[in-house]
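Supplied in structure tokens, the structure appears directly below.
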Amino acid sequence: MSTDSGGGGSLIRAAREPGVFMRLARGNLELWANLVVITWAVVFAIWQGSGFAITLGTVFAIWAILAVSLNLVVGFTGLLSVGHIGFFGIGAYTVAILTSNAQYEQLRTEAIPTFGWPFFAALPVGIVLAGLTAIAVGVVFNRFRDDIFVLVSFGFAVICFNVFLNSRALTRGAFGIHEIAKPEIGSVAFGSEVAFLILALVFLAVVVLISWLIVSSSFGRVLTAIREDERATEVFGYQVTHFKLTVWVISAMMAAAAGGLFASWTTFIDPNSFILLESILLVSIVILGGLATIWGSILGAMAFVLLEEGMRFLPFLPDEYVGQARQVILGVLLVLLMLFRPQGLLGRYKL
Amino acid sequence: MSDVEEQDGQPAITREDNGSAGAEGNVLEDSFILEMVNVSVRYGAVSALEDACLGVRRGEVVAVMGPNGAGKSTVLKGLMGLAPVVAGQVYWRGERLTSATHEIVKHGIAFVPQGRRLFTHLTIEENLEMGCPYLRDRPEVRRRMDSVMELFPVLHQKRRDLASQMSGGQQQMLALGRGLMANPELLLLDEPTLGLAPNIVKEVFQTVALISERLGTTIMVVEHNIKGVLDIVDRAYILDTGRVVFEGTPASVRETNILAEVFLGKVQRADPDEP
Amino acid sequence: MSIRTESDGERFALETIEVAKHFGGVHAVDGLSIAIPRGKITCVVGPNGSGKSTLINLLSGMLPLDGGVVIVDGVRLRAVKPHETPGLGITRTFQDVRLFDQISVWDNIMVVLTERRLLPALLERGKSRQRERTEQILRSVGMWEKRRSLAMDLSYGQRKLLEIGRAMALNVNTYLFDEPFAGLFPQMLERVKDLMRQLRNDGRTLLFISHNMDIVRELSDHLIVMDSGKLLTEGDAEEVLAQPEVIEAYLGV
Amino acid sequence: MVWKITESPDQAVQFAFNGLSVGAVYALLALGFTLVYSTVWFFDLYYGAAAAMGAYGVFYLRTSETVGGSHVNNPYVSAIFALVVAGVIAWVLYEAFFIRLQSRFTHKSLYIAGGMLAGATGIYTGFVLTNPDHLHLLLSPAVGAVAAVVAGWVVNRVIRRLFSNTGRTTLLTTSVIVGSLFGACCGLLLAGAPESRLYLSWAMSCLVAGAVGVALYRSLYVYMRKRARSPLIMLVASLGVLLAITAATAIVFESAPRPLPRAFGSEPWTIWGSNIKGFNIFTIGVAIAGFLGLLFLLKRTSLGRTIRAIGDDEEVAKVVGINTTVVIAIVFFIGAVFAAAAGLLSGHDTAIQPRMGLLLMLKGWIASVVGGMGNLYGAVVGGFALGMVEQFGIWDLAGEWKDVISFVILILFLSFWPRGLLPRG
Amino acid sequence: ADEPTPTPTAAPTATPTPLPPFKIGVMESLTGPGETYGTVSNQAKQMAVDEINAAGGINGRMIELIVEDSKCSAQDAITAYRKLTDVDGVKIILGTSCSGAMLGAAPLAEDDGIVLFSGLATNPDIAEAGDYIFRTAMSDAQLGIDTGNVLWADGIRTLATITEATDYAEGVRRSSVAQFEKLGGEVVGAERYPSDIVDFRSQLTKLFNANPDALHIAAQAEFSGGTIIKQARELGFDGPIYSEVVPIGATALEVAGEAATGVKAITADLDPANQKAQEVLRNFRETYDYVTLPWYLGSAYDDVYITAECLKQTGDDQDADGFRDCLYEITWSGAIGNNFSFDDKGEVVGLSNVVVEVLPVAERTEDNQGYKVLGGAPTQ
């Protein structure tokens, strides 16, 4: 009798095989969450016209890549990392520096060397660079757990931000880098919004596929074991540090890919896109969607983008309060979630 | 380590305030001072206790036994308000017991949880004092502490050490001693001999018997060491998968071989024919 | 840093020479030299705090050695790395049961059966051989019914059983059990005892800690008595348990 | 480094002074943080919000002396805090008296009396908050009453000690008379001293921040902790609290930084060729006093022993009869007061902004980790050490790397001394 | 997508008009790092629109602002931009308040032929951003040259600078220092700080150890500007302090208190001598009950009037090209100066700077904003 079957994103669920009633109850909630968010997304797209929806779609794809990749670390491995934005930034900056071809004025701003590479040449470099950074950071961070890991990953985010801001000869500091290239394959340019959205969705699909392969394999099961008891896992013959490091690096590389896409999409980046708060928002998305579930992260990203952009349409809220109100809502949501569903909307694992 | 044995004569531990309790005790002699009526406990979907009825009479030592996961610890936790009781009532001297955990202690019920849980960063003396944290009367606290230390002289030797620096057996003694500091009428013990060396197991059982005898404390003890515990108890309950399946004297437990039955029943269910 | 020696690799599965471990001023294990005979059940007894668990922690690499040598299958080791122990043919259980709390009972067993290397692990998806083994193990410790619950929802004894099952799932030469019988219901004891005998009959080496003298007498082929980190005496169970110093230190009169 | 110090001792001394001034704030933060952490074992990020609230409380109450302050006073804000205070008072009354008086009065009358008392306190608080210009007048009755009770109790105690044979009536009358006299004096003195408003606003905002902490604990954390399996749940939940409060602060007070009115001691003193403000020295004093106070509380009082016991094992603490909810609420209160004090001191020293909560909290967190989690000595040492390192660290580096330095230090530190400078017992 | 959707900021039109209002998009950093400026700038625009509408609108048509939050980030500027153009069908957008957001949206605007007209973005890179991109905020170049000249003329030979790590402040420092060094001055110490710190003592200690003749502060936030002044004096520095407009804003002066007395600044905004500027300021304070002096209010306010003027000429809010051409030709006198216009890069020209000195606390009033004008900046 096979207890380990089940299709698609539900594999984890199948592997855990909850009782029939549990499954029904949880299934319902998941169903509702799915329905609500997706309906909302569709209604939103129809209501606001395709142009805006496409932009939102791209934003969603980028956040979803980030969320899925972060979930590998937070949900499956149990390392609550608040520093993921750093890898995102590394990817973005590498692509920006390598592809930008702007003429910078020396006197009033920083001039940096420009390379003018094509996007698809720069992106792998960014991903590899993020991977290397992740190895270096991971080796140091491997010994930390729980709260302390949170703290040092806070530190990583702060350090990355400061590096982006202060390594002026490389990143132009606060001036930011503009004229970042759009992706092109041969003669196919992803210049238009639609083409870019498709590209982003393809990236998302690849990331989801890789994540799914990871978590549905024995590797994924070991990760969950590590999350539960690192030392005990070790005694059963697993090189825990290697497992952790591997998933950390893979996750960082995914985030870097998202960063590359982001840079190319906005065509301009400056350090403000990589602040600590963004990282906190990202963690919130992952927790909101659900820990240790890929689909949950995607849904979380979707819900977040809709929440954020949907608030532009709230009639009664004064403009200057929108952003703050969003933060208040997010905060309250986090509290309620932790109170009633610590595993997130679709999650399996409670923090 | 066998300190109790080394003492000659009787430990000078006595119950001071049994004047009023005694008078009342006569009235309630035959009824339960603590009674659980149709109590059910549920952890989420898991039903840990179903319609359980148990009780203890004044001065009795009662054992609760049963296979693993039968719900023994849950009984004690339910009494102490530490488990989610979804149905049924607990009566203490005929009155419903609904107070919060920390209030229950003031009624004269003390609980020594499974696994020698101590305040590891407090010294032994402080740990004992924590047994009656709200007792303002310093001389009384000292008196009780002295009597506990008399019962377990090793605690006296190490009284300034941190609790974490003691061996398992000593920790169990400390946990017991801390329970006694509340000067309880009813002492609930959850596997007091778990993981203890044989000499200490003996000692613990002797102590339990001693407490019951000298102080008249009513005791409810959860145990797996059936041989040891049946020697000291007046009555035993046997639980299986959350239900009380047997109640009787130690003799009847031994006679009916009920424990084996309970267990075999479980074995059958655990075998392949499952849904 | 392992040197092949000609010591009694055949006769002893595990040996220690003068191993030591201290926590601050406490000498938990103090120059202990013991040998654990191959294919037998060895029992370690001793008063609380005499360093039994610490010994197992040292043998399984959970704690670094402060001194001394561990010889596994004739290989001398100055340091045992935890993740290498299954490779050395050693597995263990913990006194304070350590399960993977938030994964199912089923996966708790599956985890220890799967691939150890990184890349193959990435490509492996539960083989039927592993699943069968898991089922067999769960049934043998009576946890099959509970296989879908999370490990954290089990009672103390159930957790203990699951942990024993998890250790037995590994196909290694030496099993170290830290108080496997504590907190178990008597009839469950029988089952665990049977399982342990079965392992011995398969030619495995077992070492367990217990305070239950009946079981010790019944099960152990070899008995080691520890006291304050040192070897008090060793030998045949009945003989050892009759020695006055053992009685004084451990059994009580 | 030594060479650098001998090379330019002036700068070194100045750095040291700077380090001490910031370090004092960090130490205060770390103290409260450690206290809360080692009792409930999770990082309570509300702590950051409490720091910001302490600072903004002073701002709110002292608006008449800040630019255009009259506009800041917002009836909704006052109402919310009045409600919170009323709620906390109601709960305190319930915990303190309900069980005891249960037998003597009916539940209904108790509820009504308690509700009225709590409501009155709430209204009073709201009233005080809406009229910050007359803080000294409005608060004088309250302070007088508190002083009266304290004095009465002390007198009662002293008389009982000295003349153990005094009759009950004489005892009571003397203590009541002396107490009320003393209280009246205090109240009158206060009413006639408008310059005391500064200190009153400090006390007020610390108390309010503490009350919010208690309210949060009682209304949220208690339930969450029952289900929480790991400290991370609480961490994330309190992160939500921090985000929400920070954003709400920004909505009410706008997100731009603000100055706090000048307190005192803003003139620099020159010592050994370097300058330090009197106020900074005061801050250092407060940090040390806070440390000593906390030390006394934890090590010498029975409440402290209870707190440590809860830190060791909360369930067992309950089992032995400690009302853990109340004790933890007290811990949260003390923690929030420390945070608020740190916040307002640093606010007076520099300035306040809604985001300051997160920044200060991170510093407090780092300091307590560096010092050794759960150890009061460690918290103080860690706080001052962090302050110093931040200053001396940028001697050779550009100042923009300051944050990086403190985190790199933290990471290095954790790698090599994971348990901090002075680990817990 | 041209359907008028209900939006949060329907202009408070008094009389219902048969003609539909002109719809103008606004992108400001209502939250995020630039929210201080964004909020004020938004309010100033709203005030100007209210004034225009109250006076009967433009040829009887009202102006309606559709406000979106661009959060000072490129990503959000893009989504806000898309929302304005796709959902609301706007062709003319006022904003953004942050250079970063501006540079994110500019390529799109340039592609789509939509006018982006900012009052606040000062990043020099914006000059090259395209044909449809305008701003009334001066690029930092001129300011820097003036600052350099003032420093030199005041006899400063060694300078220490402390700069906020933002594009604006960094730009100001770079151009000021370039001019100062060109004249022969020497920079003996340079420190930067990230935007969210409140304690500058360590940096200042380091700077003062180099014994500079003067300290130059380039700040983006008033608060940090004021705090630096205060802490510099607390550390015993008694040399002159120079800055641009930010560190002499009302908040900054409040923070710095007496320490700010004598600080010199080079500024273009809301000249106390300019009648129009004073009137706008007074109105603004009355309308919004604002506690501090926002130094960027004038250009936001003027933007709206310039827009109104151009709309009057084109008569169509969908005619971005006409509007753009109008901007290239216009010459305007408003709150931020007289007779300024836009060059062929869309940069404002014709504004000039003055040097001001901060008065002692006792002499600071709302009317003089706390400082006195010393005169124009010296030329080389």
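Should a chain be cited, it is by its letter among A, B, C, D and E, assigned in written order, with residues numbered from 1 in that chain.
In this text, contacts are C-beta pairs under 8 Å (C-beta built on N, C-alpha and C of every residue); 3 or more make two chains touch, one makes a residue touch a chain.
Note that the structure is predicted; figures quoted are calculated from it, not measured.
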Checklist outcome for this item: Shared touching partners of chain D and chain E are A
Next on the checklist: Measuring between Cα centroids, which chain is at the maximum distance from chain C?
Outcome noted: E
Item to check | Distance from chain E to chain A - Cα centre to Cα centre, in angstrom | outcome: 35
Checklist outcome for this item: Between chain B and chain D, the Cα-mean centres are separated in Å by 42
Checklist entry - So what's the Cα centroid distance for chain A and chain B, whole Å? => result 52
Checklist outcome for this item: Between chain B and chain C, the Cα-mean centres are separated in Å by 31
Checklist outcome for this item: Residue ranges of chain A touching at least 2 other chains are 19, 162, 165-166, 321, 324, 326-327, 350
Checklist outcome for this item: Residue numbers in chain E touching two or more further chains are 31, 35, 39, 165, 192, 194
Item to check | For chain D, residues contacting two or more additional chains | outcome: 229, 250, 255, 398, 400, 403
Checklist entry - In their complex, what parts of chain B are in touch with chain D? => result 80, 82, 100-106, 110-111, 113, 117-122, 126, 129-134, 162, 178, 182
Item to check | Residue ranges of chain A in contact with chain C within the complex | outcome: 1-4, 15-19, 213-214, 216-219, 221-222, 224-225, 227-229, 231-240, 242-243, 246, 348-350
Item to check | For the chain C and chain A complex, residues of the former touching the latter | outcome: 60-62, 82-87, 91-92, 94, 98-104, 106-108, 110-112, 114-116, 118, 121-126, 128, 131, 135, 147-148, 150-151, 166, 170
Checklist entry - Where on chain E is chain A touching in the complex? => result 1, 5-9, 30-33, 35, 38-39, 42, 67-69, 71-75, 78-80, 82-83, 85-87, 98-100, 103-104, 106-107, 123-125, 128, 139-141, 144, 165-167, 169-171, 174-175, 178, 192, 194
Next on the checklist: With touch defined as at the start, can you tell me which chain E residues reach chain D in the complex?
Outcome noted: 31, 35-36, 39, 165, 190-194, 196-203, 205-206, 209, 221-224, 226-227, 231, 233-236, 250-251, 254-255, 257, 289-292
